[in-house]
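Here chain A shows up in two complexes: once beside chain B, once beside chain C.
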Partner chain A sequence: MPLTERLRTVFADALQLPPGTDVDQLKYRDIEQWDSLGHMTLVAAIEDEFGVQLDTDQVIDLSSFKVAADMLRDAGVDE
Partner chain B sequence: MTVFTLTQPEREARLLPELAELTEHHRAHSPEYARLLAALGHGPGTAYDTVADLPWLPVRLFKHHELRSIPAGDVFKVLTSSGTTGDVSRIYLDRDAAALQQRMLSVTMQTVIGAKRLPMLLVDTVSLFKNRSSFSARGAGVLGMMNFGRDHVFVLDEHDQPDLDAVKGFLAKHGDQPFLIFGFTFMAWQFLYELARDNGLDLSNGILIHSGGWKKLADRAVDNDEFRRRFAADTGLRRIHNFYGMVEQIGLTFLEGPDGGGLYCPDFSDVIVRDPHTWEPVPHGTPGVVEVISTLPRSYPGHVLLTEDRGVIHGVDDGAWPGKRFSILGRLPRAEARGCSDTFSEAKA
Partner chain C sequence: MTLVAPTARLVDAATGAVLAGAELSAEVARHAAGYTDAPAGVVFARSALTTASVLRYAGAFRAGRPVALLDPALAPAVLADFVTRFEPAVVVGVGEGGAGAELCELPKGYDDTEHPVLGRCWVRRTAPAALPHPDLAVLLATSGSTGDPKFVRLSRAAVLANAHAIGDALALGPDEIAPTSLPLFYSYGMSVVNSHLAAGATLLVVDGGVLAKEFWQAVDAHQATSLAGVPYNYEMLHRIRWRPGRHPSLRTLTQAGGRLRDELILHFHEQISASGGRFHVMWGCTEAAPRMSTLPADGLPGSVGSVGPALPGGAFTVLADDGTESADPHVTGELVYRGPNVMMGYATAVADTARGDDQAGALRTGDLGYLDERGFVWLKGRLKRFGKIFGIRVNLHDIEDLVRADGPAVAVSGPDRVVVFVVGIDAEAAQALAGRLSERLRVHRTGFDVRPVDALPQLPNGKIDYRALEALA
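Our next item is the complex of A and B:
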């Protein structure tokens, strides 16, 4: 499955997004599920799914779906 | 990367122009602050020779005045303090300010933790986040620290009881490599130290970050030195860093050095201790009222604040890190704390 497709699923599951949410445009604190607590769940889910370890700066910078996708590409995750 | 590099003369030289600029910035963007300055006799363009000459605001003012230097529409986050009297401080951040405070907290902590997120033991309870929409200031503090860790395990179960199995499980999995521990000071003592001592747990690879004051430990005769000594002797834990910070200067954490010996100021900050009667800075070694200084606050005029805490400066450029080395001695007595802002009101009148 392509990276963005996998990442959409991770976001939807971790943040319990209602069907039809425009995941690709999502930004931190846009919705109530993506608060600082949701962020912890999301980071752990991303690390599990893609087998990466994000460092502290990345966790802090991960402020949107787009940023997360770029971060994973930079980490060498296949498209 | 570290933010504990500037000697006191270097710090003074760097901070003074930045703080003077911030004072003008806030005067221009916060009418409320401009009024307060005018009442204090600090008119526009006042020249300052030292950081200690800059006008300070008592932290209490953030409870009664809407002090912000950004338009209402740019407010991204409003932080509130935990108020014992029902009054809470309100601190206004725009997106830039929120990002900056997070980044500076992070570089400060990374000085002692490193860039990698370590497995993390939280000396708190799982039920902290039960009510998601309104968790306490304690919950917010714990959450802020969770960014620095991974594979988080809580020491207390949902009934606030120490969960020995959970801690043992954590140590079996992660105890042979560096791991992170965070907790409020009295909880770290009461729930982790005692649990580890009584069960012979090995915490020697831990890095403990803790904050919150010693008042609740006074009846056990535990102060900072005793805390460090007994953790080291009974659990092997030696990497311990106390810190001091407040919501009114979010992003700034004064951090205890590697060998104890007091709290140190990150490069973008400083501390002054004042006599509560004359308001002059006291000689080092003399207790007084703590003033905290930070170049971070741009969205609200919180760059120079008089706290309601008592403290003492132990030395300057004589410790593990450069700059001032100080301790917090506790809260000011209530009347005296009120006095701080009364003096201010008199100056205004």
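Our next item is the complex of A and C:
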């Protein structure tokens, strides 16, 4: 499965997004589900799914779906 | 005494705008004057972490208008109910947004108007059933379960006394720069605002909290000197391997809002000490405006686990089981606080806002503990059964009532969450129940851990063994 597709699934599951949410446009704290607790759940889910460990800067920088996708590409996750 | 000292500054992180000295004072006065257009009664202020919210609050305080600081994400039904019960003269911050912000419909008897200074307001057409007591300054919703929403009534003198006592205990001076890491409508967040403005320090108004990039950018750009957090914040920062050394301007970390693990207190104490800073464990409650005690920085590591002595001007006693009250060391009982910052009382309806002081400066905290020879407080849990989730107080008894339909249940307080043991519940029903509790109590669902048990453990006398369940949690 392509990276963005996998990441969409991770976002939808971790943040318990209602069906039809435009995941690609999501930004931190734009929706109630992506609050600080949601963020911690999301970070853990991304680490599990992609086998990466995010450092402090990455956790704090991870402020949108797009940033997360770029971060994973930079980390060498296959498209 | 005034809330905003002459050297105080407000820095808006989003725009970089700075209000300082006479300019800030004039701006607060302009907001204060804005309230003269509103009819008599209390002010409801939907307050997000914005400069406008801080100015509307400080303006109301200066104008002598009692102001209720409200969460913009309050459920519409709860906001509507508050308006019905308290008949506020004006609701300001109607346009305040943020994640999860919701508005109820314009309440009956109110006009939706745009005020040149206060912004979008709902203004009441008729006088309320009762006029507020002249001493009343701030109303804060008790962070409790939604079963019994009420306000804590704080007098002007109590708010000012606490702001100054915190400043003394933490040695706040004009050089301090505090970012708004906690909501304004939360008593700890309000106290950061009050204590820094009263000390003539700088308040860095920044939204987002400690996991937001913008927050740390603002901390660095404006050289913030302190960080205030509840246990949950420090747990998160620890989990993402954050270190205060990343932000060299930080000199003081404060923690209140529940018990942080000793291990993490020592961890952050060591880290901030290494860069010449200090870590302060504090204790308070909304009913005390809110601070009651602060552990001096040199109390660590030796007195880890204590929340320190009473603030200047305050005092603790212990009410033992046999009804005797004393300040003797090592007597365990309910801690009683006395000080100028104790609330006037609670309010459940507009008539209560007219009441004077019901407390006479004394507050039974509902917390068990003892004092040591130095007067340091050592807490030993709640007398009544409350839990704290992410700094929000929930009544465990209320939770049990809410889940009773699913089977015999006991709720106990776990680390930053409530664990609910339900007899014979299956996994799917447990999940659904956690979701329902989360919705009903407006606390994130990860704050509830619903677990099936075959039976509730009992003491020899047939009572439920809460201690055994707490050990499992």
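In the analysis below, the second predicted complex is superposed on the first by the 79 of 79 C-alpha atoms of A that agree within 3 Å, B and C clash if a C-alpha of one lies under 4 Å from a C-alpha of the other, contacts with A are read in each partner's own complex, and residues count from 1 in each chain.
The rule is simple: a residue touches a chain if its C-beta (ideal position, glycine included) is under 8 Å from a C-beta of that chain, and two chains touch if they have at least 3 such contacts.
Note that the structure is predicted; figures quoted are calculated from it, not measured.
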Subject >> Clash or fit (per the criteria above) of chain B with chain C on chain A >> reply: clash
Original post:
Now for A:Val59: first (chain B), second (chain C), both, or neither, which partner does it touch?
Top reply: both
**OP:** State whether A:Ile31 touches chain B only (first), chain C only (second), both chains, or neither.
**Re:** second
Original post:
chain B or chain C: which reaches more residues on chain A?
Top reply: C
Subject >> Which superposed partner A:Thr41 touches (first chain B, second chain C, both, neither) >> reply: second
Subject >> Shared chain A contacts, counted only where both chain B and chain C touch the same residue >> reply: 32, 35-37, 40, 54-56, 59-60
Original post:
Which residues of chain A touch chain B in their complex?
Top reply: 32, 35-37, 40, 44, 47, 53-57, 59-60
**OP:** Can you check the complex and tell me which residues of chain C touch chain A?
**Re:** 73, 98-100, 208-213, 216, 236, 239-243, 246, 390, 444, 446-447
Original post:
Along chain A, where are the residues that touch chain C in the complex?
Top reply: 28-32, 34-41, 43, 54-56, 59-61, 63
**OP:** Using the touch definition up top, name the residues of chain B that touch chain A in the complex.
**Re:** 102-103, 106, 109-110, 113, 115-117, 129, 132-133, 140, 143-144, 146-148, 150, 152
